[in-house]
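Following this message is one structure expressed as structure tokens.
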Amino acid sequence: MIWSNILIYFVIIPLLMLGGLALCKNIKQVRAVAVVGATALMALAIYLVVEFLGLRAAGNDAEMLFTEGAVMWFEPLNIHLALGVDGISVVMILLSAFIVFAGVFASWKMDPLPKEFFMWFCLLSTGVFGFFISIDMFTMFMFYEVALIPMYLLIGVWGSGNKMYSAMKLTLMLMGGSAFLMLGILGIYFHSAPAGQPLTMNILEIASNNAVPHSWQYFLFPMTFVGFGVLGAMFPFHTWSPDGHASAPTAVSMLHAGVLMKLGGYGCFRIAIFLMPYAANELAWIFLTLTGISVVYGAFSACVQTDLKYINAYSSVSHCGMVLFAILMLNTTAMTGAVLQMLSHGLMTALFFALIGMIYGRTHTRDIRKMGGLMQIMPFLGVGYVIAGLASLGLPGLSGFVAEMTIFVGSFQHADMFHRVFTIVACCSIVITAVYILRVVGKLLFGAVQDEHHRTLTDAEWHERLSTVTLILAVAAIGCFPNFFSSIITEAAEPIMKLFA
Amino acid sequence: MEFTILMYLVPAMIMFGCGIYGFITRKNMIAILISLELMLNAVDINFAVFNRFLFPGQMEGMFFSLFAIGLAAAETALAIAIVINVYRAVRNVDIRQLTKMKF
Amino acid sequence: MESLGSIIAYFIIAIAIIVFSVLAVTSGKILRAATYLLFVLFATAGIYFQIGYEFLGAVQIAVYAGGIMVLFVFSILLTHKPGANAPRLENHKLWLGLSAAVLGAGVCLYSLFEYGSMMVSRMPDNFDINIHQIGQALLSTDKFGYLLPFEAISVLLLACIIGGVVIARKR
Amino acid sequence: MELSYTVLVLIIPVFMFLFLGIVGVKLSKKAAGLLGTTAMGITTVIAYAAALTYFFGADQGQVVDGVRQQLTVLDITWLEFTKNLVIKIGVLLDPISAMMLIVISTVSFMVHLYSLGYMDGEKGFQRYYAFLSLFTFSMLGLVLATNIFQMYIFWELVGVSSYLLIGFYYTLPAAVSASKKAFIVTRFADLGFLVGILILSFYTDTFDFITLTSNPQAAISTAGGATFLGCSVMTWALTLIFMGGAGKSAMFPLHIWLPDAMEGPTPVSALIHAATMVVAGVYLVARMFPVYAVDATALDIITVVGAFTAFYAAAVACVQSDIKRVLAFSTISQIAFMITSLGVASPELHHGVGYMASMFHLFTHAMFKALLFLCAGAIIHAVHSNEMSAMGGLRKYMPICHIAFLIGCLAISGIPPFAGFFSKDEILAAAYANSPLWGVWLSVVAGMTAFYMFRLYYKIFWWNNPDYGHHTPHEAPMTMTFPLIFLGLVSIVAGFIPFGEFVTWNREEYIIHLDWTIAGTSIVIALIGIGLATVMYRKENDIPERLANQFRGLWTAAYHRFYMDELYQFITHKIIFARISKPIAWFDRRIIDGTMDLLANVTNSASFAVRRMQSGSVQTYVWFYIVGAVAVAAITIICLI
């Protein structure tokens, strides 16, 4: 019975929240429902981690755990609601829960239409969690779409600036990616089993059958990789990201950069690479080149931007490029690094966007040329911003360092010279990152106060502090105790990367 | 001279052609309705004529015409109600003016 | 060989149909167009009488010429100033209409004459259909009975009446 | 192991950092300062205990067969990359780390104490102490590192502490840009360090110092003579790692951040930018020395870079007018001495004495340079300016400071019996042993050192008596003078430590013999330098002015530090920003994004084009319908024919 599976509740809770919100009468009830739901999700995620580690410690070394209770959805195409998690999904779920929690507090004073905002927000969360818990390709794809669509309204209605354009652009580009993805998934499905056996959508079964013909893999691998790569902001399909993030409201930026972009990396790995190892090995160099460009290119672009959100969006391009880059290295350490980078980037970008949202909410500008000396006026936000910046440029003790170093060391272990040279190219980004981060920090927080009107502004309120502190603690936790996370991930990545050994 | 089926079909055909022409060219809603009636009528004739000439022992064609006449009455009544209503709203029955619900 | 009277009647009917159809769709004055339509309807009824469907012809006159035309005339009078001329046709509209009508008619006529070997068959004589049979058929539930469509039509008419009232009612 | 309490020197400062950082603002300034200083005092005691136990304590396996052992006191797995590549956080005690423990804790404690007076009344006093604790933690972690990656971690952390402390006066644009510059330049160098680590670990499959250094030949043979662009990969790896060290230690051409870093509070300059952090590069090379020793090319590169920097920095120091800048360039020059000394210290020559000399100089330099900086701080505190033109004749107003400064100057110039003499003499001996060229070169630089230091001394304490008005300079408070006195005493006696008994490249004992020909020459050269300075600067006169006019071009170039900053400015702004970043941003907006927008626009105009078909006019639809039906009919007919 599926109800006995703890994973299903990651989808049920957001849906219940959705229902609860629909009944709400005023902002107080809306907040109460959102906080209760987000807290429940976080508690459930932590419980899941504990349970997962317990099972692993007890010697359960199946590739996926919590797989009981698959429900048939659509017989002709053999689509199931099949659940299951491995170490990688578990940490991604934990990440999502954290960001949803922080996101709720970051959008505490959402205006207008708070109820509707939170409803879409819940739907988005449903999609995100559903994606991570599914092991059925089609169900994954469905949840993927569920997560994408609310974005259009969230940006289009609650955004700022050129929001209609951005919302449209974001949705259309991601939908374009989905089209590739759909083709890829169907292609895989129709080659999912050796001749004569029933076809399947279940990822584990497809992987163990390993029946996709090599000639087809050459075609389907780019399809799926690009399809997910669009969401992972792979060069040259990244341009939705700067515009989209710049226009999105705070919590949406957080969730989008923090979790949604991770769906791209996760999908690339879970579907493209896991199911088509042959083509992954053969074609990796093309995408390595593209992602390597992403890494450096995004960082250079960020150097000359003047809008805070644009800077972060380009830095996301760079950091997410690093994720895909590491995935394509096809070894355990780099893969672990990629997942750590997803975690780290998710948390610190969410932190960044939260802080930018709070600053923007006060100064009503995001142009760094018009701000300065904010550290004197809002020390809490300033310190938070500096910490986020330091995490982003890879300060040891915060998450960015751990992730980047794992990626670099892992990538450099590759036997091929080409890969190692590209690793060095990617390493260069740490310097450029320092340049743009310090440039912003210097202009925005330090120096003299640019605009005398800013002197009257106030520092963070309690809900903003809570949101910020939650994320900072998470960032520091990964940074200080990386081996806890790294071992969970490594243990999940190892069996998959055996395909390439 | 004998009456052949063709002799009835050709006028019906012309009536139908006129209906098409009228429907496409007229701008007055009532005129369009009139064109519509012409087309309906042409079809009715065809039903009756085919029945009479090819299956004289049966009555399906005739009944079809019969019901079609009934339907035409209903349709016209409703259409005219709409026309009058539209006229009340915009003081006009010219279809070029009725673009409120376009796009 | 038909009687001369019926031949003359046929030609009058055929010519009336053709001429008044054309006039009904080309006339600039809407009231005249309605009148031409009335003539076409009468002519149609004539065809029904000629081929022996007296009941159908009667219905045609009663419903169409009697009922529908009255509606037309009333609505025209309600919505038009007397004597108003329809605006001149734009050229492209004219060509649009003509092309569709001529093309349609052309294809139909071509196929009528090309495959019309059975089309030239005579009117069968063995024909006796009376009002009694029609009445039986209309209200029977047998194989060739029409009770269901009959009732359906009556419900439809009722719905139409209600609908008409609702739509046209003053708010 | 008994020495495991050493780990406390890491835990106390990091706890202090978190405590002061989080709840510091709630504390009063005095409480925060005293708390920080007390904690630092305890740390110092523990550090001394650990170091002294290591050197002199009862046998705990420190010395086996006359060789001091490297003791891994603690090693916790922090992050596991692969089975062998593991980052551990641990504590490694060996002669150099024990020596560094003493240096860092001493200077740091002095600076903590000194800052109580110097930073009194500053805004953000608590923050200052939090950052100092962070720095102390990072620096101690760096020297105690058991593996190269741990070193890299703390390497980054000291970089950040340095960034935060340089930018302490964050409202001043100069401080902000200086801190930014410091971070980015060292970050760039760290890139080299990181890549070097990657290459090294790829071929040796370990990060661990002991494994690396105990059998460096094995590493070289694993690399199997692999080459890249004509050099062996080991040379690449070692040179890149040295690049990291060169960045932190401000070697030419990565030195440009250090003079600007003087925008930070003066005690910070004394702690970070004179005594401890900037010698991290020297320490790194020393730590890896057995590996460097088998790669002659890498050592040659180190020697050349060090020797050139020593001369360059000394030349620039001769004409600067900001006293902290003079000290900064002097620091660069002195660190370059240490680097050169390591470079010329091949084990075959003279028992690898260069290594010992380098460490010795590191030790003495830390003491007297900290002393000089703290004096400079006291002077700046008194006259509220960094410029020499605002000073003069201060010996009457600040006697303690005067004496302390003089001791520092004598020490750095290499006059016996002050500390600098002994260590510098060993460096010169090592250089002469390697090649007379380096020996003569360094001797000349030593002379220049004596000259510019005494120029500084005379300009501050003699020269003329400007009118200080009612704002008469006065001696600093006790918290500030005590460190001066203490460090002055250390600077006098430190030279007599038999350093060779403690620190040598192979950790065996080595008895220092003074080579009096070299020592004598260097004393003479130093005296010439001092004499020249005395002639030119003791009394106010126009000799310097005339000389400057005589060599106007040279003087201007040196004053502008040979335009290195302008060069960097040009490269970063005109080339990287204007020629790379801007075009990339443009390319992104116009070409990449333009392509996406173009796609959208094409779709849009296409739909506008077909929109006319969906006119909403039923009559047009009917026409299409009829024509379509006719077409179908026509096709059917044609097919039937």
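We just call them A, B, C and D in the order they show up, numbering each chain from 1.
Everything that follows uses one rule, which is that contacts are C-beta pairs under 8 Å (C-beta built on N, C-alpha and C of every residue); 3 or more make two chains touch, one makes a residue touch a chain.
Everything numeric in this text was worked out from a predicted model, so none of it was measured.
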- Mutual neighbours - chains that touch subunit A and subunit C alike: D
- Task: Farthest from subunit A by Cα centre, which chain is it? Let me know.
- Result: C
- Task: Could you tell me the distance, in whole angstrom, between the mean C-alpha positions of subunit B and subunit D?
- Result: 96
- Item | Separation of subunit B from subunit C, taking each centre as the mean of its C-alpha atoms, in whole Å | 7
- Query: Rounded to the nearest whole Å, what is the centre-to-centre distance of subunit A and subunit B, using the mean of the C-alpha atoms as each centre?
  - Reply: 63
- Rounded Å distance between subunit A and subunit D, as computed from the means of their C-alpha atoms: 37
- Quick one: which residues in subunit C touch 2 or more of the other chains? 93, 96-97, 100, 104, 108
- Which positions in subunit D touch two or more other chains at once? 619, 622-623, 626
- Message: If a residue has to touch 2 or more other chains to count, which residues of subunit A qualify?
- Response: none
- Listed by label, touching pairs are A-D, B-C, B-D, C-D
- Item | Touching residues (chain side subunit D, partner subunit C) in the complex | 619-620, 622-623, 626-627, 629-630, 633-634, 637
- Item | Residue ranges of subunit D touching subunit B (in the complex, touch as defined) | 615-619, 622-623, 626
- Query: Once bound in the complex, which stretches of subunit D touch subunit A?
  - Reply: 77-82, 85, 87, 149, 153-154, 156-157, 160, 163, 167, 170-173, 176-177, 179-180, 183-184, 187-188, 190-191, 194-195, 198-199, 201-202, 576-577, 580-582, 584-585, 588, 592-593, 595-596, 600
- Message: With touch defined as at the start, can you tell me which subunit B residues reach subunit C in the complex?
- Response: 1-28, 30-31, 33-35, 37-38, 41, 44-45, 48-49, 52-54, 56-60, 62-63, 65-67, 69-78, 80-85, 87, 93
- Note on the structure: The subunit A residues in contact with subunit D across the complex are 168-169, 172-173, 235-236, 238-240, 243, 297, 300-301, 303-305, 332-333, 373, 375-376, 390, 393-397, 401-402, 405-406, 408-410, 412-413, 420, 423-424, 427-428, 430-431, 434-435, 438-439, 442, 445-448, 482-483, 486-487, 490
